[in-house]
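Just dropping this structure here.
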Amino acid sequence: MSASTYGSLFTFTTWGESHGPAIGCVVDGVPPQVVLSESDIQQFLDRRKPGQNRFTTQRQEEDKVKILSGVFEGRTTGTPVSLLIENTDARSKDYSEIKDKYRPGHADFTYDAKYGFRDYRGGGRSSARETASRVAAGGVARKVLQSRLGDGIAIRAGVVQVGPHKINRDNWDWKAAAENQFFTPDAAIIPVWEEFLDKTRKAGSSAGAVVEVVASGFPAGLGAPLADKLDADLAKAMMGINAVKGVEIGAGFASVEMGGEVNSDQIRIEDGKPKFLSNNAGGILGGISTGQDIVVRIAFKPTSSILTPMLTINNQMEETEIVTKGRHDPCVGLRGAPVAEAMMALVLCDHLLRHIAQTAK
Amino acid sequence: MSASTYGSLFTFTTWGESHGPAIGCVVDGVPPQVVLSESDIQQFLDRRKPGQNRFTTQRQEEDKVKILSGVFEGRTTGTPVSLLIENTDARSKDYSEIKDKYRPGHADFTYDAKYGFRDYRGGGRSSARETASRVAAGGVARKVLQSRLGDGIAIRAGVVQVGPHKINRDNWDWKAAAENQFFTPDAAIIPVWEEFLDKTRKAGSSAGAVVEVVASGFPAGLGAPLADKLDADLAKAMMGINAVKGVEIGAGFASVEMGGEVNSDQIRIEDGKPKFLSNNAGGILGGISTGQDIVVRIAFKPTSSILTPMLTINNQMEETEIVTKGRHDPCVGLRGAPVAEAMMALVLCDHLLRHIAQTAK
Amino acid sequence: MSASTYGSLFTFTTWGESHGPAIGCVVDGVPPQVVLSESDIQQFLDRRKPGQNRFTTQRQEEDKVKILSGVFEGRTTGTPVSLLIENTDARSKDYSEIKDKYRPGHADFTYDAKYGFRDYRGGGRSSARETASRVAAGGVARKVLQSRLGDGIAIRAGVVQVGPHKINRDNWDWKAAAENQFFTPDAAIIPVWEEFLDKTRKAGSSAGAVVEVVASGFPAGLGAPLADKLDADLAKAMMGINAVKGVEIGAGFASVEMGGEVNSDQIRIEDGKPKFLSNNAGGILGGISTGQDIVVRIAFKPTSSILTPMLTINNQMEETEIVTKGRHDPCVGLRGAPVAEAMMALVLCDHLLRHIAQTAK
Amino acid sequence: MSASTYGSLFTFTTWGESHGPAIGCVVDGVPPQVVLSESDIQQFLDRRKPGQNRFTTQRQEEDKVKILSGVFEGRTTGTPVSLLIENTDARSKDYSEIKDKYRPGHADFTYDAKYGFRDYRGGGRSSARETASRVAAGGVARKVLQSRLGDGIAIRAGVVQVGPHKINRDNWDWKAAAENQFFTPDAAIIPVWEEFLDKTRKAGSSAGAVVEVVASGFPAGLGAPLADKLDADLAKAMMGINAVKGVEIGAGFASVEMGGEVNSDQIRIEDGKPKFLSNNAGGILGGISTGQDIVVRIAFKPTSSILTPMLTINNQMEETEIVTKGRHDPCVGLRGAPVAEAMMALVLCDHLLRHIAQTAK
């Protein structure tokens, strides 16, 4: 398996650095005859795009996606879909100071340790810019999922915590999450977060966040034992997002303190179909979907690029200090919502096709 | 990629059901000339073996591993190592009641939904018994890691929480974790857990647990961007363990409430080498190891097999109740420690070999 | 991808050495609900079994297959099918002379070059005995293919040349190939081959063979561009059989001397369906099946174990001579027919499931 | 494994259609610190470029490769190398007639059978134009091989037969093959081929060819048993080239008529190292390289696009005729040489890195 390829049947391979000419990805295993246009993908890139509110990076990127292959007369041909996004606002001057110094919390040190050198411009390959490719690939996955499962499905993510401030889950409103710039289902918390983030930024600090991703309308039966467990693949996909340090399914870590009789979701029949009385399992049992909502929560660490001086070393193994100037989000988790949605769509699409392969007749 | 195969270069493929004649696995990509005997593997199976204290299942399994291939005159030959463990205590009578009913919290419902039927004896393929194969494979991985990295490495897991009761981290002692039956580094908490688990079992309930796995002595540079991120692969490996619902690396979910200047681990030079002043990253930055301890924590949900009657349905879509009798652990997380260690060893071995492939000259 | 695993969705992983306790394989990605018993598999092992005529090795192996997992109440469960065949006639004494010397034409030299030592007993992992595992896996593949495509399919192989003696294709009779011990569709050639092989053996020599494998009744559409081309995967599967040195599809090498207007198969309509007027393509165009017979021919080199003394070296890099005693087939290609059938079945099964995944709705 | 990805550790994924905006590939698993520029790759594209002599297509393509990622300051970074080649001479008008009709010998019929429709412009994805991506990827592989094995290695291909006309092997001269437009090591045959091809084209026909690829200077030990056999992977790589219908290693099909004492390559010691007295094995035994030249021969069928009218059907299942006008090579095999070299380089690079992974210490 290629180091830059996710998935087994429905795959995507991303490439590109923050300050190279372009980034992109190849989406393969796409079923034929799926209606697909650049605008189908663009809408998701637009959601992720930087510079939309004052708490995200001020880098100006159009993030216009081009489809270079795999689509003919508006439909996928079954061959690889190559997507390309040009880098238009790559100001190399901003990054000259980090050429030799390792920014704490960043991948500078580990890239040098592994590869012996690195493309230091804007974080190179480790930049969050790479996630634009994933969001684009996720747009393709969504169209494939719709072509197989219809319009009743939804994959949505919401920010549920910023720093110490959690939303009130009673206010949950997916419409709000789709509209506000914080991707949060509880619009009432926005003033609290704004005040907190302003203070954080002024202090030269940054903040973490928790994002919850929910896939609704998916059938029971997706996933398989051992290496193909749906929850395991979701954990990999989510932990692989830049700055993510934790993943939980359903009740997650909270289930540790529950008794088995509370945690295990009991089942009744409603309208002739199974109805679970709770969803502590997060829609997955034994690695296979139950047909309930698939619920994943992920923890983003605070942005590592901050104005507070930090102790560090350089690549000559000398002690030094660093202040990371530049156009950085005080809370990278905010823009994690569209990325998390994309990863959910990509994993589900791969599993759906595998499921069909094994069980269709 | 096969649905039952983990890894890309150093792989293992497990097979087998709880009540079939045997379980086992094939470990492939094993370097040649590694000294390996059945006892090298057996010691880890013995740690995981059921029936060792009164809080784990009373199933009596010898769990004797046989090496069927890939080893000649005490050394690996570079060809696949096939491991087999016979099932000796498979009492089918215990499981007749669950043939048609779906146990809440178990994979019964999802297996039927996916496959149309299931081997209902003891949970079949979804039984935690399958983890014995992983522990055996992990034994092979450890020998390979030692052959490349020497004896300075350690992969150890400890139970750090049972139900609501967390250990005192000031008491941390790996020697204790290796010796007591709770795999806990804080022996002082054992009486508290014993009392809690006795009460839990009497109440017909069960308890969750948190296990922390730490890999020490590993070099910087393991892992790679995107699909080969070390933390992402660890998340997959850990979330794929039966009953696990959450995974975090380093500070994990706690990092959400930290400021960037606290969370980012600062670096100094000590004895000419980089020394991080903290380890909130859990030894991984940008998906690549830093050379610090690699730290993962995983949440086990409470055992789903409990004596409390639960509402459920059967495979005729009729409402019913179920009480899960049998020889069950009140806290499956307790035996999760050796399994988590094995998964850590397997992931690190795969990544080490990939790293060598890309960077050796 | 594991070094011992074939296939991408429907996979098999073989393990085992000639003189270890057993050989076997794990077949994964098997759809559920396929009727499968040991006798379904055994019939193919019996065809391949040594000792059936005087031109195959006199090693006495029962080659009894055991299903260790993945089948419940006579049907596959969708989980890995583990197959085991014990080695019962492993006489190590026969092989002591080859411990240090490299038999020309064998893998002795290359295994030592790669791994630094080898299991020299009976060729160890490089023994043709390993192909029994593939034949067993092929038995599973056939059942899966039948479950999807019905009884109208056939996968048959025939020996069409031994040494310089080719069959008369006008005599082609698949029934004969199924019954005679030479697996040849032209029974009339058997006396010629017998005389030739007797003479060959007496001369301390050995002979090569050509086997033709034909899959009939398969739909158009299997395979995909580039890395998933059906002909490419068949080439890999066939070239991977011990002693195979050449593979051709349809007209193969003979097409080089044809004009395009002869080689390209013209198409008419018959009974409302496409009918090709010839099959130089061997049923594959652009890597995708046409619906015609899929035709592959493979060249087996002469057995390398011969009684003629050969110049060679030992593992001390000293010049020496060797005579390979033991129970060897004078023409290994004879027993290649059941192995080639199995590989065809395995490749087609993988491609069929991939095709379903990408195109089923 | 993605359908458009070759390799396991060192991989390449191609994308693109004949008449889309561009074609390209992503090369992944590239070791860091390898010196790589566009001109390193361009030289191989220039060799393959159409329009260089009067027997290859007159399509005018610059085939200028751009490196979009993975290279920084002239060296590879260890992250994916994305290569892009624009399609500049895509005249769609030439192809309108084939929109509904299936050209015999082409993939038109099978693509429609599989995908329900196809990009008919210039063969779309099935066009030989796709091989430019492979040649580009091969250029990267060569640089990696050199970085590990030095300048003593060579991967060269020569056309050894066109139609019925075989070269005189006594004239073999690699320098000639590098210089003449027929890529043949026997310049003396060129007038014969020219006359033959002129006649062939005038007759509205086309011709096949045999290409021999030789890798020299590679160490013993590349490859591994079963699914990783070097010869098996080479067979797949070569059979996957457009129009290839046969592959043989070393003596190949000719070995069938040899006795074992002739076919098995005897070994002596020369200068303290093993020296094989012949190379019927083509440098591979048991799927592992011997250190001799690795020799593969491949059969190209005659070009399917010919001016002779052919019987065919259209996608309405109606009988019709077709004449394929356009800018076609009368012998596609001629340009197969650089493609075959590239595939050899790609396979060897993947195997070398795998070998290092398993055996480096």
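Labels A, B, C and D are assigned to the chains in the order they are written; within every chain, residues are numbered from 1.
By definition in this document, a residue touches a chain if its C-beta (ideal position, glycine included) is under 8 Å from a C-beta of that chain, and two chains touch if they have at least 3 such contacts.
As the structure is a prediction and not an experimental result, all values here were calculated from the model.
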| item | value |
| --- | --- |
| Farthest chain (mean CA position) relative to chain C | A |
| A-C or A-B - the one linked by more C-beta pairs in contact | A-B |
| Chain A and chain C: spacing of chain centres that average the CA atoms, whole Å | 45 |
| Length of the line joining the C-alpha centres of chain A and chain B, rounded to whole Å | 26 |
| Residues of chain A engaged with two or more neighbouring chains | 1-5, 8, 14, 29, 32, 78-79, 114-115, 125, 224-225, 354, 359 |
| List of chain B residues in touch with chain D within their complex | 1, 8-9, 29, 31-32, 78-79, 147-148, 224-225, 353-354, 356-361 |
| Of all residues in chain C, those that touch chain D in their complex | 1-6, 8, 14, 102-107, 109-111, 113-115, 125-126, 130, 161, 163-164, 200, 203-210, 220-229, 231-240, 242, 245-253, 255-261, 263-269, 272-274, 277, 280-282, 284-291, 299-306, 308, 310-313, 317-319, 333, 354-355, 359 |
| Touch list for chain B against partner chain C, complex | 1-5, 7-8, 11, 13-17, 20-24, 26, 28-29, 32-33, 66, 68-70, 72-73, 75, 77-82, 84, 114-119, 124-125 |
